[in-house]
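Just so it is clear, A, B, C, D, E, F, G and H label the chains in written order, and each chain counts residues from 1 on its own.
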Amino acid sequence: MYLVIVGAGDIGIPLIDIATRSGNEVVVIENDPERADRVAGEYDCLILNDDATAHEALIDAGIGNADALISTTDRDPTNIMVCLLAQEHEVPNIVSVVHDPQHMNVFRQIGVNTMENPQELIAQYLYRAVARPAIVDYMRIGEEAEVFEIQVTDNAPIAGKTLIEADDGGLLSDDVLIVAIEREGEDPPITPKGRTRIEAGDLVTVYSAFGAEPELTDVFGHPEDRLR
Amino acid sequence: MYLVIVGAGDIGIPLIDIATRSGNEVVVIENDPERADRVAGEYDCLILNDDATAHEALIDAGIGNADALISTTDRDPTNIMVCLLAQEHEVPNIVSVVHDPQHMNVFRQIGVNTMENPQELIAQYLYRAVARPAIVDYMRIGEEAEVFEIQVTDNAPIAGKTLIEADDGGLLSDDVLIVAIEREGEDPPITPKGRTRIEAGDLVTVYSAFGAEPELTDVFGHPEDRLR
Amino acid sequence: MYLVIVGAGDIGIPLIDIATRSGNEVVVIENDPERADRVAGEYDCLILNDDATAHEALIDAGIGNADALISTTDRDPTNIMVCLLAQEHEVPNIVSVVHDPQHMNVFRQIGVNTMENPQELIAQYLYRAVARPAIVDYMRIGEEAEVFEIQVTDNAPIAGKTLIEADDGGLLSDDVLIVAIEREGEDPPITPKGRTRIEAGDLVTVYSAFGAEPELTDVFGHPEDRLR
Amino acid sequence: MYLVIVGAGDIGIPLIDIATRSGNEVVVIENDPERADRVAGEYDCLILNDDATAHEALIDAGIGNADALISTTDRDPTNIMVCLLAQEHEVPNIVSVVHDPQHMNVFRQIGVNTMENPQELIAQYLYRAVARPAIVDYMRIGEEAEVFEIQVTDNAPIAGKTLIEADDGGLLSDDVLIVAIEREGEDPPITPKGRTRIEAGDLVTVYSAFGAEPELTDVFGHPEDRLR
Amino acid sequence: MYLVIVGAGDIGIPLIDIATRSGNEVVVIENDPERADRVAGEYDCLILNDDATAHEALIDAGIGNADALISTTDRDPTNIMVCLLAQEHEVPNIVSVVHDPQHMNVFRQIGVNTMENPQELIAQYLYRAVARPAIVDYMRIGEEAEVFEIQVTDNAPIAGKTLIEADDGGLLSDDVLIVAIEREGEDPPITPKGRTRIEAGDLVTVYSAFGAEPELTDVFGHPEDRLR
Amino acid sequence: MYLVIVGAGDIGIPLIDIATRSGNEVVVIENDPERADRVAGEYDCLILNDDATAHEALIDAGIGNADALISTTDRDPTNIMVCLLAQEHEVPNIVSVVHDPQHMNVFRQIGVNTMENPQELIAQYLYRAVARPAIVDYMRIGEEAEVFEIQVTDNAPIAGKTLIEADDGGLLSDDVLIVAIEREGEDPPITPKGRTRIEAGDLVTVYSAFGAEPELTDVFGHPEDRLR
Amino acid sequence: MYLVIVGAGDIGIPLIDIATRSGNEVVVIENDPERADRVAGEYDCLILNDDATAHEALIDAGIGNADALISTTDRDPTNIMVCLLAQEHEVPNIVSVVHDPQHMNVFRQIGVNTMENPQELIAQYLYRAVARPAIVDYMRIGEEAEVFEIQVTDNAPIAGKTLIEADDGGLLSDDVLIVAIEREGEDPPITPKGRTRIEAGDLVTVYSAFGAEPELTDVFGHPEDRLR
Amino acid sequence: MYLVIVGAGDIGIPLIDIATRSGNEVVVIENDPERADRVAGEYDCLILNDDATAHEALIDAGIGNADALISTTDRDPTNIMVCLLAQEHEVPNIVSVVHDPQHMNVFRQIGVNTMENPQELIAQYLYRAVARPAIVDYMRIGEEAEVFEIQVTDNAPIAGKTLIEADDGGLLSDDVLIVAIEREGEDPPITPKGRTRIEAGDLVTVYSAFGAEPELTDVFGHPEDRLR
């Protein structure tokens, strides 16, 4: 993929890292000379120290051949100008960071894919780390449903039980599905069947139609057992 | 929960938003007067305009009663000093943003939960938006396995088939599990059984032990059918 | 007219002056506190010291009722974001200054009226003042045609002649039209007929299909007669 | 023409562009090193990075041979000092931008041509774009008279009529003159005769002794027909 | 005298001090708020914190009634603009500091009195203090002639002699005139006659048509006798 | 003379100019790199870009061989430190600018010659230019006496008279002495005798035991005759 | 004691703390408004926000009654000017920080007590902490002699021995004197006699005419026994 | 010793000086380019211009081989991060400056040696210089005991007495020990015996179990005899 990345700041840098390591042809446009220098020395990409809202900068970046452009600057107006110029050059795939949620609609109107509230994403993860410390990772499905990973503690009600036993014992309702089990020494994760036995220490991926409610997460271990 | 949040910057602000809306008692310590002012006027929390590495600031924030402290400043040294001071006051749950991946170990050594690479998280989402535009959201399970959401296009091979038919037709291997189906008008998402039929337009949650490879995602629609 | 003006800088200030003196209801949004203050004390308008790319600022400015919005900031990305937000609120008439000529097309694509190259306009006037000092004011018509005002000198070939005499004498070709004659004591300007006599000192408005070529302007006086 | 331009800012840059493209020998004096650098790389002119109020800078610029000097800095005192020094060297044609209208008289007293209120010129154009959106370009003649360009709409009263018919129908008074007609495919513009027919879509240049009053402009189309 | 002083900097401040102590009515215009404040608290004058090149500032300063205006800012262009505006208001006596000697002529052309090279004046005094330490004060008369004050040392050739004796002894040529003698206890200085005796310790005012050459100054004492 | 000059600012620059032109060996110490550069290119002296309060800088400047050091920086504490260090190296002649009159005594205590109130000197000259415009230059002798230069106007009472006639006519009292007369074509100035005739246009050097009182200066011309 | 402290920076602040806690009447002069404010709110002293090199500031500080003045600013020239002014007011005791060792002599010449090399003092302590970690505190006596505190380790040769035994065993030479012994539970420290027994864990104060050489310090424990 | 020093500021510079002069192999990490440059030119050490909290900087500094690391930056959070990273690399001896006394405990918890309150150390010395001017240097032993150096004045009670006479005369109590006597011409200092005679001018090192009380210090001379 021929990829133009605008901005080499806090978000741009790891993006450049991922994109170059994934074997893409990457061109970066960064206005700040110091940042541009830093990137130039470190990643396998072409770096232009220029203002991406200047037409020449985009031409120099080979915008006409780009498969995608990602705008990551910390100013929404700059991002939207860059996206509009990219549209002029008919870049097939245009994505932008949007900082002010009130601007989300404007980006959508002109037909640009957006990364919703990047900082809010981080904030949610941080909040979860204190509010639901048992849960290692999670993904929302629609309004309430959720897929989440949770560690099974030594004294967890489900520890040592097969899935059938857990169902029978009322530990898992119909709205809950054990999707996968990560266990030391097993790779890929175990795809559970009815007779698969859950063990203490397992990292279990769970789907729940009604989210990670305490009644459900307690099945995998009590909060106080998880404290350092 | 009595929660002390250090830093009201790009990450701190949405965190304050989530934490106050979730009904917690929140105290914020922010060194920059302008930022402190902005928070004071907008969120239902106590805001201290002070340097959180100053002992008095933490005392004023009621650190002794805090259930948790989250340090979100953009300087790792500041975050680690705040975390060490919070440990002195025996805050049960301490979480910190870490900016330099090389510092991750230091935080772990002193026993602080960390938010891994926040900017990298965003970068991954942005990259996926151009590299795998078909995939709406996803979650890594271990090294290779993945849970992901994908939209079913009109001409997708799986469109109109039941799960049994899909299995039989070799569309879905044993390492793949359809976890849930979001469909207009259905809430919560459908928990699929063998006879459940996949329809064009469905947003399907899929578990794959070997990730979202093109052979798998193509089952839900060809890339060119997804372009605007 | 209910008019929202964004930016109270070098261009915004005289615009506010014209707009308020013409009896419009004017709201100004200016991000810089000092500039906002200066306007507040001097013009009969509402001034908001805010960032016009913030949704709330536009709401506060009553964007929903605005007949027109003019964006005059010195950053094109800011102007385009403001214009897009104004379109969301269906402001009937949206005009923007555009600084980089390469951005002109982007503004046009989204349907915003633009002020072409403001600094270039000034530059053209300055250049003309040294390149064609005889010409007092002018307006381009299409590619080559021009309407211009020129002073008739004492020894000008046309001085003392009627238009018919001038035509006969070959002084004025068919592509040239004397539109109006400003003369001391005459108000409005004289609409010339064939027998109208051109006098030295007249300020003549001329249309020429091929511009203000020296052969034409010399008819109204030689350059050296115009030097101080 | 050997032309010295003082200042390479917002106004100076397009002036340099016009002056060099018009084949003049141009020397630019700009005090700011960054601006001087930018010009040096882009235009075919000599650029001196110096303070134009320093005698040596003017000597280096060959002031003794200059046909004209244009001072475009954004400080009136600097402009007037430059103009006075240019007078010492008997530059035949000296023009200056003047920012504060109250300073206009001082420049005139010392005998310098001035560009009246550059920002106000732009402001007038912007204001007209919302106040009289029908009018494409215009030029004032004396106090009230005006030459203006206006587009003829589909349902305009004058559309489809010859000038004679328009006169007879009372659409055009004696104080009004159709100067030229720009029409797709016609170059130069049509010089209208009595039998020339006005068509919808024509861009008509009109002279009116009493300005572009609504009664007159409505003849060329109703405002609501012009809205997007 | 009604006196307007522009600038309250290094030169303006002592000027304000002299002018107010001499009983004049003084108005000061100073653009820098801090400097303006400092003056306001210390001198008996009206102080305007404004830009003196702004017409309103001069009006507020009562320029119409001023007997004199002295411009002391450290920028020549500002000084010249102020002087031109003062001329517009027909201030009878206009004086300005001029920093760049090359600008001296411009000021003279427009008819403004100038203070020649203020820093050079100081420099000359400093240089004289090391080059001719014997001379206490001096004043140039034309190209070479000089009036100077010099202290008579104990062993000076002239000490103890009358003027007649000094003349006869060839100590004083015809081009030299003893103008006055300051002596402890005598006030005003002694106007010397032929029989007046010069004493060691006298401070003698001398006129010399050919300046203070060593042969002449040595008559009043040898340099080494003057060292501390 | 081997001369060390500290500071190349407003006062230092003309001092360097005088000192080098007078044929001295000059070393300049200036801390600011830009100023140091400017001097290096323009004057025939050694320039050290260093802090003169650093011992090494003075050593590099050859302080041990210096005949004199003049400290001209605009900070009194820096000047005093430099002077003290120069005393350590037994420089025979040390002179310093002093900015705060309250510091004058401290400099004197440590035995440093000082330039009294440089800005006040300039201020006095400026003030005289408006308060006593007739007087071209002057020098104070003791408390009241003064030597001054004054131009003789056309209608001056003394014009056309010999000194004897002037004495007899009571125009000049005993306390007044005509020291010298500068006249077009005469060089050196005329040393006046009793029969020397004062002419209109002469520039006369006058000594007066009681200063330049109006009664005296009027003898050389009425103020209104001097106005432009 | 009536004490004037100049400077409320890194050194001034703890000095103010000590001086006020010791019951002195303290006046602080600090030029920086922020620092002055911080002091004002925290210490029981009079704080003047002024430039201490200004005569008025010292008068306001009651310099005439001061028993002592300590100058702590980080600029030596400022300190020396303050000290000289304090001498003018005959302050009996004047102390100053000196930053450049080369300036030490100048301060001494004018008779000011100085704090030698403050940062070097700290640097010496830090260096000793790594170079001689066994030594807890120390004081130089003349060129080589030293008094130092050292902890006695469990296996130290001297542990368990009386001073007599240590002397006899050749552990302590004639140039070494055990001055005092700090031991848990003993206050004041034990003044050792010949029969006093040194115990492991004692903190011993030792005088050595030839410094803390390894042969000597090893008597109190081997370095490797001291490592954590 | 292989020594890594972090920070080349006020404390770092003299530390580098001591450490290099003592023959250690020294590597300095300093983030500020100017400071890094200054060190590079002056000391015999390797200087890295980098952020010491960056892992690579420590690797480049050879942290793995370091015998000790001293962190001297003026920010405690930076110092603690550096110390934690040094612990990761198992540096045997880690020392840090600590600026906020409230942070002292955090450093101790993680096992880092600290320099207590560097500025306070200086402040104490300065305060002593005015509060106890008789005492030249001193060292605290425990809570109250002290070793101090004091000069013997001409009229001191102890001057001219042997130690035995002094004891007998009740001048020295049992809690006091004369440790050493520095005397012109004697090197090393005299180790006093009972018959050693104290002379005026001696610099005596004294141990007192109850500190340097006035009753004790007066024995070596009255305060007023010490005043200049």
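We take it that contacts are C-beta pairs under 8 Å (C-beta built on N, C-alpha and C of every residue); 3 or more make two chains touch, one makes a residue touch a chain.
Bear in mind the structure is a predicted one, so any value in this text is a computation, not a measurement.
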Listing by label each chain that touches chain C and chain G gives none
In angstrom, rounded to a whole number, how far apart do the mean CA points of chain A and chain D lie? 54
Using CA atom averages as chain centres, what separation in Å is found between chain B and chain F? 77
Mind checking the centre-to-centre distance between chain A and chain C? Centres are C-alpha means, answer in whole Å. 52
Draw the chains as points, connect those that touch, then say whether the picture is a line, ring, star, complete or other. ring
Chains listed in ring sequence, where chain A comes first and chain B follows it: A, B, H, G, F, E, D, C
Enumerate the contact residues on chain B facing chain H in the complex. 53-56, 75-78, 80-81, 84-85, 87-88, 100, 102-103, 105-106, 109-110
List of chain A residues in touch with chain B within their complex: 1, 3, 10-15, 17-19, 22, 24, 67-68, 70, 72, 92-93, 95, 97, 111, 113, 115, 117-127, 129-131, 133, 137-145, 147, 149, 174-175, 177, 179-180, 182, 187-189, 191, 203, 205, 207, 209-210, 227-228
